[in-house]
Amino acid sequence: MNTEPILPQPSRAGGLYTPVVIHQGIAYVSGQLPRMNNELQFPGRVGADIDLATAREAARLCAMQALATLDRELGGLGRVIRLLKLTGYVACTEGFRQQPAVIDAASEYFNEVLGPRGAHARSAIGVFALPHGAAVEVEITVAVRE
Amino acid sequence: MNTEPILPQPSRAGGLYTPVVIHQGIAYVSGQLPRMNNELQFPGRVGADIDLATAREAARLCAMQALATLDRELGGLGRVIRLLKLTGYVACTEGFRQQPAVIDAASEYFNEVLGPRGAHARSAIGVFALPHGAAVEVEITVAVRE
Amino acid sequence: MNTEPILPQPSRAGGLYTPVVIHQGIAYVSGQLPRMNNELQFPGRVGADIDLATAREAARLCAMQALATLDRELGGLGRVIRLLKLTGYVACTEGFRQQPAVIDAASEYFNEVLGPRGAHARSAIGVFALPHGAAVEVEITVAVRE
(Lines give C-alpha, C1' and ligand atoms only; values in the text may rest on other atoms or scores of the structure.)
Protein backbone atom coordinates (compact mmCIF):
# COMPACT_ATOMS: atom_id res chain seq x y z
CA MET A 1 0.00 0.00 0.00
CA ASN A 2 1.75 3.11 -1.15
CA THR A 3 -1.03 5.62 -0.67
CA GLU A 4 -3.83 5.67 1.87
CA PRO A 5 -6.91 4.05 0.35
CA ILE A 6 -10.16 6.00 0.32
CA LEU A 7 -12.45 4.06 2.62
CA PRO A 8 -16.19 4.45 3.16
CA GLN A 9 -17.68 5.36 6.53
CA PRO A 10 -17.68 2.04 8.45
CA SER A 11 -21.22 0.80 9.14
CA ARG A 12 -22.70 0.38 12.58
CA ALA A 13 -22.94 -3.19 13.90
CA GLY A 14 -26.38 -4.56 13.00
CA GLY A 15 -26.84 -6.50 16.25
CA LEU A 16 -25.44 -7.32 19.69
CA TYR A 17 -21.91 -7.93 18.51
CA THR A 18 -18.58 -6.15 18.18
CA PRO A 19 -17.30 -5.08 14.74
CA VAL A 20 -13.74 -6.32 15.40
CA VAL A 21 -12.26 -8.47 18.17
CA ILE A 22 -8.46 -8.61 18.43
CA HIS A 23 -6.71 -11.30 20.45
CA GLN A 24 -3.04 -12.32 20.31
CA GLY A 25 -2.41 -10.55 17.04
CA ILE A 26 -5.43 -11.90 15.21
CA ALA A 27 -8.32 -9.60 14.27
CA TYR A 28 -11.68 -11.27 13.80
CA VAL A 29 -13.77 -8.91 11.66
CA SER A 30 -17.56 -9.39 11.75
CA GLY A 31 -19.36 -10.25 8.51
CA GLN A 32 -19.77 -7.15 6.34
CA LEU A 33 -22.68 -6.29 4.10
CA PRO A 34 -22.52 -4.01 1.04
CA ARG A 35 -23.39 -0.78 2.81
CA MET A 36 -22.78 2.86 2.06
CA ASN A 37 -23.65 5.39 4.78
CA ASN A 38 -25.32 2.53 6.66
CA GLU A 39 -27.68 1.91 3.73
CA LEU A 40 -27.68 -1.50 2.09
CA GLN A 41 -26.70 -1.35 -1.59
CA PHE A 42 -27.51 -3.82 -4.39
CA PRO A 43 -30.02 -6.00 -2.48
CA GLY A 44 -31.35 -9.14 -4.14
CA ARG A 45 -30.34 -12.58 -5.24
CA VAL A 46 -27.64 -13.15 -7.80
CA GLY A 47 -29.03 -14.96 -10.83
CA ALA A 48 -32.52 -13.53 -10.26
CA ASP A 49 -32.74 -9.85 -9.24
CA ILE A 50 -29.14 -8.88 -9.89
CA ASP A 51 -26.47 -9.94 -12.35
CA LEU A 52 -22.83 -10.94 -11.96
CA ALA A 53 -21.46 -7.43 -12.54
CA THR A 54 -23.73 -5.94 -9.87
CA ALA A 55 -22.92 -8.76 -7.46
CA ARG A 56 -19.24 -7.99 -7.95
CA GLU A 57 -19.87 -4.35 -7.01
CA ALA A 58 -21.62 -5.61 -3.88
CA ALA A 59 -18.67 -7.87 -3.03
CA ARG A 60 -16.20 -5.01 -3.50
CA LEU A 61 -18.28 -2.80 -1.22
CA CYS A 62 -18.29 -5.54 1.46
CA ALA A 63 -14.49 -5.66 1.22
CA MET A 64 -14.30 -1.85 1.51
CA GLN A 65 -16.50 -2.00 4.62
CA ALA A 66 -14.30 -4.71 6.11
CA LEU A 67 -11.16 -2.59 5.70
CA ALA A 68 -12.94 0.59 6.86
CA THR A 69 -14.05 -1.23 10.01
CA LEU A 70 -10.56 -2.60 10.61
CA ASP A 71 -8.95 0.78 9.88
CA ARG A 72 -11.14 2.48 12.50
CA GLU A 73 -10.27 -0.22 15.05
CA LEU A 74 -6.53 -0.17 14.37
CA GLY A 75 -6.16 3.55 13.73
CA GLY A 76 -4.73 2.83 10.29
CA LEU A 77 -4.06 -0.16 8.09
CA GLY A 78 -0.31 0.10 8.64
CA ARG A 79 -0.73 -2.34 11.52
CA VAL A 80 -2.05 -5.04 9.16
CA ILE A 81 0.52 -7.83 8.85
CA ARG A 82 -1.46 -10.09 6.56
CA LEU A 83 -4.98 -10.96 5.49
CA LEU A 84 -5.33 -14.62 6.47
CA LYS A 85 -8.78 -15.82 5.49
CA LEU A 86 -11.83 -14.55 3.63
CA THR A 87 -15.21 -16.26 3.67
CA GLY A 88 -17.57 -14.97 1.01
CA TYR A 89 -21.29 -15.75 1.07
CA VAL A 90 -23.35 -15.10 -2.07
CA ALA A 91 -27.17 -15.09 -1.93
CA CYS A 92 -28.05 -16.71 -5.24
CA THR A 93 -30.41 -18.86 -7.22
CA GLU A 94 -30.13 -22.61 -7.32
CA GLY A 95 -28.45 -22.74 -10.71
CA PHE A 96 -25.87 -20.02 -10.03
CA ARG A 97 -22.32 -21.41 -10.09
CA GLN A 98 -20.09 -18.35 -10.29
CA GLN A 99 -19.69 -17.61 -6.58
CA PRO A 100 -15.89 -17.46 -7.09
CA ALA A 101 -16.25 -14.78 -9.78
CA VAL A 102 -18.39 -12.70 -7.40
CA ILE A 103 -16.01 -13.05 -4.46
CA ASP A 104 -13.00 -12.38 -6.70
CA ALA A 105 -14.10 -8.72 -6.67
CA ALA A 106 -13.53 -8.66 -2.90
CA SER A 107 -10.21 -10.51 -3.23
CA GLU A 108 -9.14 -8.07 -5.95
CA TYR A 109 -9.85 -5.12 -3.69
CA PHE A 110 -7.83 -6.59 -0.82
CA ASN A 111 -4.93 -7.29 -3.16
CA GLU A 112 -5.17 -3.75 -4.56
CA VAL A 113 -5.15 -2.02 -1.18
CA LEU A 114 -2.87 -4.31 0.83
CA GLY A 115 -0.50 -5.51 -1.92
CA PRO A 116 1.35 -8.71 -0.93
CA ARG A 117 -0.20 -8.45 2.55
CA GLY A 118 -3.58 -8.96 0.90
CA ALA A 119 -2.98 -12.54 -0.33
CA HIS A 120 -5.42 -14.80 1.53
CA ALA A 121 -7.02 -18.22 1.83
CA ARG A 122 -10.69 -18.23 0.87
CA SER A 123 -13.97 -20.09 0.76
CA ALA A 124 -16.89 -19.02 -1.45
CA ILE A 125 -20.36 -20.30 -0.61
CA GLY A 126 -23.77 -19.85 -2.23
CA VAL A 127 -26.48 -19.29 0.36
CA PHE A 128 -30.23 -18.90 0.46
CA ALA A 129 -30.63 -15.55 2.18
CA LEU A 130 -28.46 -12.93 3.87
CA PRO A 131 -29.27 -10.29 6.49
CA HIS A 132 -31.61 -7.54 5.25
CA GLY A 133 -31.74 -9.12 1.80
CA ALA A 134 -28.06 -8.47 1.02
CA ALA A 135 -26.60 -10.15 -2.06
CA VAL A 136 -23.14 -10.71 -0.58
CA GLU A 137 -21.52 -10.95 2.86
CA VAL A 138 -17.75 -10.98 3.41
CA GLU A 139 -15.94 -11.99 6.59
CA ILE A 140 -12.19 -11.71 7.16
CA THR A 141 -9.58 -12.80 9.67
CA VAL A 142 -6.42 -10.68 9.72
CA ALA A 143 -3.00 -10.84 11.39
CA VAL A 144 -2.23 -7.45 13.00
CA ARG A 145 0.47 -5.84 15.09
CA GLU A 146 -0.88 -5.22 18.60
CA MET B 1 -20.07 -13.82 35.44
CA ASN B 2 -20.88 -13.47 39.11
CA THR B 3 -22.82 -16.67 39.64
CA GLU B 4 -22.45 -20.02 37.94
CA PRO B 5 -24.88 -20.20 35.01
CA ILE B 6 -27.30 -23.10 34.83
CA LEU B 7 -26.23 -25.05 31.77
CA PRO B 8 -28.03 -27.88 29.98
CA GLN B 9 -26.52 -31.33 29.63
CA PRO B 10 -24.07 -30.97 26.71
CA SER B 11 -25.14 -33.01 23.68
CA ARG B 12 -23.18 -35.87 22.22
CA ALA B 13 -21.23 -35.16 19.02
CA GLY B 14 -23.43 -36.09 16.04
CA GLY B 15 -20.60 -37.46 13.91
CA LEU B 16 -16.92 -38.37 13.70
CA TYR B 17 -15.67 -35.14 15.25
CA THR B 18 -14.59 -33.73 18.60
CA PRO B 19 -16.86 -31.30 20.48
CA VAL B 20 -13.99 -28.93 21.36
CA VAL B 21 -10.39 -28.72 20.16
CA ILE B 22 -8.02 -26.47 22.12
CA HIS B 23 -4.70 -25.39 20.68
CA GLN B 24 -2.47 -22.54 21.87
CA GLY B 25 -5.17 -20.93 23.97
CA ILE B 26 -7.86 -21.02 21.31
CA ALA B 27 -10.89 -23.31 21.72
CA TYR B 28 -12.64 -24.31 18.52
CA VAL B 29 -16.16 -25.39 19.52
CA SER B 30 -18.06 -27.54 17.02
CA GLY B 31 -21.34 -26.23 15.56
CA GLN B 32 -24.15 -26.59 18.09
CA LEU B 33 -27.78 -27.40 17.38
CA PRO B 34 -30.73 -26.47 19.63
CA ARG B 35 -30.78 -29.66 21.68
CA MET B 36 -32.10 -30.52 25.12
CA ASN B 37 -31.23 -33.96 26.51
CA ASN B 38 -29.87 -34.82 23.06
CA GLU B 39 -33.28 -34.16 21.48
CA LEU B 40 -33.55 -31.50 18.78
CA GLN B 41 -35.90 -28.65 19.77
CA PHE B 42 -37.79 -26.24 17.49
CA PRO B 43 -37.07 -27.95 14.14
CA GLY B 44 -38.17 -26.23 10.96
CA ARG B 45 -37.45 -23.28 8.73
CA VAL B 46 -37.78 -19.75 9.98
CA GLY B 47 -40.38 -17.86 7.96
CA ALA B 48 -42.29 -21.05 7.17
CA ASP B 49 -42.70 -23.59 10.01
CA ILE B 50 -41.48 -21.40 12.86
CA ASP B 51 -41.59 -17.70 13.66
CA LEU B 52 -38.96 -15.23 14.81
CA ALA B 53 -39.67 -15.67 18.53
CA THR B 54 -39.29 -19.47 18.29
CA ALA B 55 -36.15 -19.14 16.18
CA ARG B 56 -34.70 -16.92 18.90
CA GLU B 57 -35.39 -19.62 21.49
CA ALA B 58 -33.58 -22.06 19.23
CA ALA B 59 -30.60 -19.70 18.90
CA ARG B 60 -30.43 -19.22 22.67
CA LEU B 61 -30.46 -22.99 23.16
CA CYS B 62 -27.59 -23.39 20.66
CA ALA B 63 -25.63 -20.84 22.68
CA MET B 64 -26.40 -22.70 25.92
CA GLN B 65 -25.17 -25.93 24.31
CA ALA B 66 -21.99 -24.21 23.17
CA LEU B 67 -21.18 -23.02 26.69
CA ALA B 68 -22.21 -26.35 28.24
CA THR B 69 -19.86 -28.16 25.86
CA LEU B 70 -17.04 -25.73 26.60
CA ASP B 71 -17.70 -25.87 30.35
CA ARG B 72 -17.39 -29.67 30.33
CA GLU B 73 -14.13 -29.46 28.37
CA LEU B 74 -12.58 -26.75 30.53
CA GLY B 75 -13.95 -27.89 33.88
CA GLY B 76 -15.61 -24.49 34.35
CA LEU B 77 -16.08 -21.28 32.41
CA GLY B 78 -13.63 -19.41 34.67
CA ARG B 79 -10.92 -20.34 32.16
CA VAL B 80 -12.67 -18.39 29.38
CA ILE B 81 -10.67 -15.29 28.51
CA ARG B 82 -12.89 -14.01 25.73
CA LEU B 83 -15.43 -15.09 23.16
CA LEU B 84 -13.80 -14.20 19.85
CA LYS B 85 -16.13 -15.16 17.03
CA LEU B 86 -19.65 -16.48 16.56
CA THR B 87 -21.01 -17.78 13.29
CA GLY B 88 -24.77 -18.19 13.27
CA TYR B 89 -26.58 -20.16 10.57
CA VAL B 90 -30.35 -19.77 10.24
CA ALA B 91 -32.39 -22.23 8.12
CA CYS B 92 -34.98 -19.91 6.58
CA THR B 93 -37.21 -19.12 3.65
CA GLU B 94 -36.02 -17.11 0.69
CA GLY B 95 -37.67 -13.89 1.80
CA PHE B 96 -36.49 -14.00 5.43
CA ARG B 97 -34.14 -11.11 6.24
CA GLN B 98 -33.95 -11.06 10.03
CA GLN B 99 -31.08 -13.47 10.56
CA PRO B 100 -29.39 -10.88 12.82
CA ALA B 101 -32.48 -10.69 15.08
CA VAL B 102 -32.42 -14.49 15.42
CA ILE B 103 -28.71 -14.70 16.19
CA ASP B 104 -28.96 -11.75 18.60
CA ALA B 105 -30.63 -14.18 21.03
CA ALA B 106 -27.39 -16.22 21.07
CA SER B 107 -25.26 -13.07 21.40
CA GLU B 108 -27.49 -11.87 24.23
CA TYR B 109 -26.98 -15.13 26.11
CA PHE B 110 -23.20 -14.98 25.75
CA ASN B 111 -23.20 -11.38 26.99
CA GLU B 112 -25.46 -12.35 29.90
CA VAL B 113 -23.32 -15.26 31.07
CA LEU B 114 -19.83 -14.03 30.25
CA GLY B 115 -20.27 -10.29 30.77
CA PRO B 116 -17.53 -8.23 29.06
CA ARG B 117 -15.77 -11.50 28.13
CA GLY B 118 -18.81 -12.30 25.98
CA ALA B 119 -18.37 -9.46 23.45
CA HIS B 120 -17.63 -11.08 20.07
CA ALA B 121 -17.28 -10.62 16.33
CA ARG B 122 -20.07 -12.29 14.38
CA SER B 123 -21.45 -13.38 11.03
CA ALA B 124 -25.10 -14.31 10.50
CA ILE B 125 -26.04 -16.37 7.45
CA GLY B 126 -29.32 -17.69 6.08
CA VAL B 127 -28.99 -21.25 4.82
CA PHE B 128 -31.10 -23.81 3.07
CA ALA B 129 -30.98 -26.72 5.49
CA LEU B 130 -29.23 -27.67 8.71
CA PRO B 131 -28.44 -31.08 10.24
CA HIS B 132 -31.50 -33.04 11.34
CA GLY B 133 -33.81 -30.22 10.25
CA ALA B 134 -32.53 -27.76 12.89
CA ALA B 135 -33.63 -24.13 12.55
CA VAL B 136 -30.37 -22.67 13.87
CA GLU B 137 -26.73 -23.69 14.27
CA VAL B 138 -24.18 -21.70 16.28
CA GLU B 139 -20.40 -22.09 16.17
CA ILE B 140 -17.95 -20.25 18.43
CA THR B 141 -14.21 -19.69 18.77
CA VAL B 142 -13.03 -18.78 22.25
CA ALA B 143 -9.79 -17.63 23.86
CA VAL B 144 -9.10 -19.77 26.96
CA ARG B 145 -6.43 -20.18 29.62
CA GLU B 146 -4.66 -23.50 29.11
CA MET C 1 0.21 -41.88 9.89
CA ASN C 2 2.47 -44.83 9.44
CA THR C 3 2.76 -44.80 5.68
CA GLU C 4 2.62 -41.91 3.27
CA PRO C 5 -0.95 -41.50 2.02
CA ILE C 6 -1.58 -41.50 -1.70
CA LEU C 7 -2.79 -38.00 -2.45
CA PRO C 8 -4.35 -36.64 -5.64
CA GLN C 9 -2.78 -33.83 -7.65
CA PRO C 10 -3.76 -30.67 -5.73
CA SER C 11 -6.11 -28.46 -7.75
CA ARG C 12 -5.32 -24.97 -8.92
CA ALA C 13 -6.92 -22.11 -6.99
CA GLY C 14 -10.18 -21.18 -8.73
CA GLY C 15 -9.85 -17.44 -8.14
CA LEU C 16 -7.69 -14.61 -6.84
CA TYR C 17 -6.74 -16.33 -3.61
CA THR C 18 -3.95 -18.42 -2.12
CA PRO C 19 -4.46 -22.16 -1.52
CA VAL C 20 -2.87 -22.08 1.96
CA VAL C 21 -1.85 -19.19 4.21
CA ILE C 22 0.33 -20.02 7.23
CA HIS C 23 0.76 -17.58 10.09
CA GLN C 24 2.09 -18.30 13.60
CA GLY C 25 1.74 -22.04 13.26
CA ILE C 26 -1.81 -22.01 11.92
CA ALA C 27 -2.51 -23.05 8.31
CA TYR C 28 -5.68 -21.65 6.78
CA VAL C 29 -6.57 -23.93 3.86
CA SER C 30 -8.94 -22.53 1.22
CA GLY C 31 -12.26 -24.27 0.64
CA GLN C 32 -11.77 -27.42 -1.44
CA LEU C 33 -14.11 -28.83 -4.05
CA PRO C 34 -14.29 -32.51 -5.09
CA ARG C 35 -11.79 -32.31 -7.94
CA MET C 36 -9.62 -34.87 -9.67
CA ASN C 37 -7.04 -33.56 -12.16
CA ASN C 38 -8.72 -30.15 -11.82
CA GLU C 39 -12.04 -31.58 -13.03
CA LEU C 40 -15.05 -31.32 -10.75
CA GLN C 41 -16.44 -34.73 -9.76
CA PHE C 42 -19.97 -35.64 -8.62
CA PRO C 43 -21.67 -32.29 -9.36
CA GLY C 44 -25.27 -31.78 -8.27
CA ARG C 45 -27.45 -31.35 -5.24
CA VAL C 46 -27.70 -34.02 -2.60
CA GLY C 47 -31.26 -35.26 -2.29
CA ALA C 48 -32.01 -34.44 -5.92
CA ASP C 49 -29.30 -35.26 -8.50
CA ILE C 50 -27.05 -37.33 -6.26
CA ASP C 51 -27.56 -39.66 -3.32
CA LEU C 52 -25.93 -39.92 0.10
CA ALA C 53 -23.32 -42.47 -0.97
CA THR C 54 -22.19 -40.29 -3.89
CA ALA C 55 -22.16 -37.18 -1.71
CA ARG C 56 -19.89 -39.03 0.70
CA GLU C 57 -17.47 -39.81 -2.14
CA ALA C 58 -17.50 -36.10 -2.97
CA ALA C 59 -16.79 -35.18 0.67
CA ARG C 60 -13.90 -37.65 0.82
CA LEU C 61 -12.43 -36.20 -2.36
CA CYS C 62 -12.65 -32.67 -0.88
CA ALA C 63 -10.73 -33.93 2.15
CA MET C 64 -8.10 -35.54 -0.10
CA GLN C 65 -7.71 -32.26 -1.97
CA ALA C 66 -7.33 -30.38 1.31
CA LEU C 67 -4.50 -32.66 2.44
CA ALA C 68 -2.89 -32.68 -1.01
CA THR C 69 -2.90 -28.87 -1.01
CA LEU C 70 -1.46 -28.75 2.50
CA ASP C 71 1.12 -31.43 1.70
CA ARG C 72 2.40 -29.44 -1.28
CA GLU C 73 2.63 -26.29 0.85
CA LEU C 74 4.40 -27.98 3.78
CA GLY C 75 6.55 -30.38 1.80
CA GLY C 76 4.99 -33.31 3.65
CA LEU C 77 2.29 -33.92 6.23
CA GLY C 78 4.85 -34.70 8.94
CA ARG C 79 4.71 -31.02 9.87
CA VAL C 80 1.00 -31.29 10.76
CA ILE C 81 0.52 -30.97 14.52
CA ARG C 82 -3.24 -31.22 14.60
CA LEU C 83 -6.34 -30.67 12.50
CA LEU C 84 -8.26 -28.00 14.42
CA LYS C 85 -11.47 -27.23 12.59
CA LEU C 86 -13.42 -28.49 9.58
CA THR C 87 -16.34 -26.66 8.03
CA GLY C 88 -18.33 -28.78 5.60
CA TYR C 89 -20.85 -27.28 3.19
CA VAL C 90 -23.34 -29.58 1.47
CA ALA C 91 -25.39 -28.35 -1.52
CA CYS C 92 -28.71 -30.07 -0.91
CA THR C 93 -32.46 -30.00 -1.21
CA GLU C 94 -34.69 -28.37 1.35
CA GLY C 95 -35.70 -31.61 3.02
CA PHE C 96 -32.19 -33.10 3.26
CA ARG C 97 -31.09 -33.53 6.89
CA GLN C 98 -28.07 -35.82 6.71
CA GLN C 99 -25.34 -33.21 6.26
CA PRO C 100 -23.40 -34.81 9.15
CA ALA C 101 -23.43 -38.22 7.42
CA VAL C 102 -22.02 -36.60 4.27
CA ILE C 103 -19.28 -34.69 6.08
CA ASP C 104 -18.43 -37.76 8.18
CA ALA C 105 -16.76 -39.15 5.04
CA ALA C 106 -14.32 -36.21 5.14
CA SER C 107 -13.80 -36.59 8.90
CA GLU C 108 -13.20 -40.31 8.42
CA TYR C 109 -10.51 -39.62 5.83
CA PHE C 110 -8.70 -37.14 8.08
CA ASN C 111 -8.82 -39.60 10.97
CA GLU C 112 -7.52 -42.38 8.66
CA VAL C 113 -4.57 -40.41 7.33
CA LEU C 114 -3.62 -38.33 10.35
CA GLY C 115 -4.56 -40.71 13.17
CA PRO C 116 -4.97 -38.93 16.53
CA ARG C 117 -3.74 -35.70 14.88
CA GLY C 118 -6.87 -35.83 12.71
CA ALA C 119 -9.43 -35.33 15.53
CA HIS C 120 -11.15 -31.99 14.88
CA ALA C 121 -14.01 -29.64 15.77
CA ARG C 122 -16.59 -29.36 12.99
CA SER C 123 -19.64 -27.62 11.63
CA ALA C 124 -21.82 -29.09 8.87
CA ILE C 125 -24.08 -26.78 6.90
CA GLY C 126 -26.61 -27.34 4.11
CA VAL C 127 -26.34 -24.65 1.44
CA PHE C 128 -28.13 -23.66 -1.71
CA ALA C 129 -25.33 -23.70 -4.26
CA LEU C 130 -21.58 -24.19 -4.35
CA PRO C 131 -18.96 -23.03 -6.85
CA HIS C 132 -19.25 -24.67 -10.28
CA GLY C 133 -22.20 -26.75 -9.10
CA ALA C 134 -20.16 -28.79 -6.60
CA ALA C 135 -22.10 -30.97 -4.16
CA VAL C 136 -19.67 -30.49 -1.25
CA GLU C 137 -17.02 -28.01 -0.13
CA VAL C 138 -14.63 -28.63 2.76
CA GLU C 139 -12.49 -26.04 4.52
CA ILE C 140 -9.91 -26.80 7.22
CA THR C 141 -7.73 -24.97 9.72
CA VAL C 142 -4.63 -26.86 10.83
CA ALA C 143 -1.90 -26.41 13.45
CA VAL C 144 1.52 -26.91 11.79
CA ARG C 145 5.19 -26.75 12.70
CA GLU C 146 6.76 -23.75 10.98
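When the chains are written out, they are named A, B and C in that same order, and each has its own residue count from 1.
Heads up, the rule we're going with is that a contact is a pair of C-beta atoms (placed from the backbone, for glycine too) under 8 Å apart; a residue touches a chain by one contact, two chains touch by 3 or more.
Please read these numbers as outputs of a predicted model, since none were measured by experiment.
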Classification of the subunit A:subunit B interface as same or different, half of numbers criterion: different
Equivalent-chain rotation between subunit C and subunit A, CA atoms, steps of 5 degrees: 120
Averaged-CA centre spacing for the pair subunit B and subunit A, given as whole angstrom: 23
Multi-partner residues of subunit B (each touching 2 or more other chains): 127-128
Parts of subunit C lying in touch with subunit A, wherever the complex brings them together: 14-21, 23-24, 28-31, 45, 87, 89, 91, 127-133, 137, 139
Subunit C to subunit B touching residues, read off their complex: 25, 81-82, 84-86, 92-101, 103-104, 107-108, 111, 119-128, 141, 143
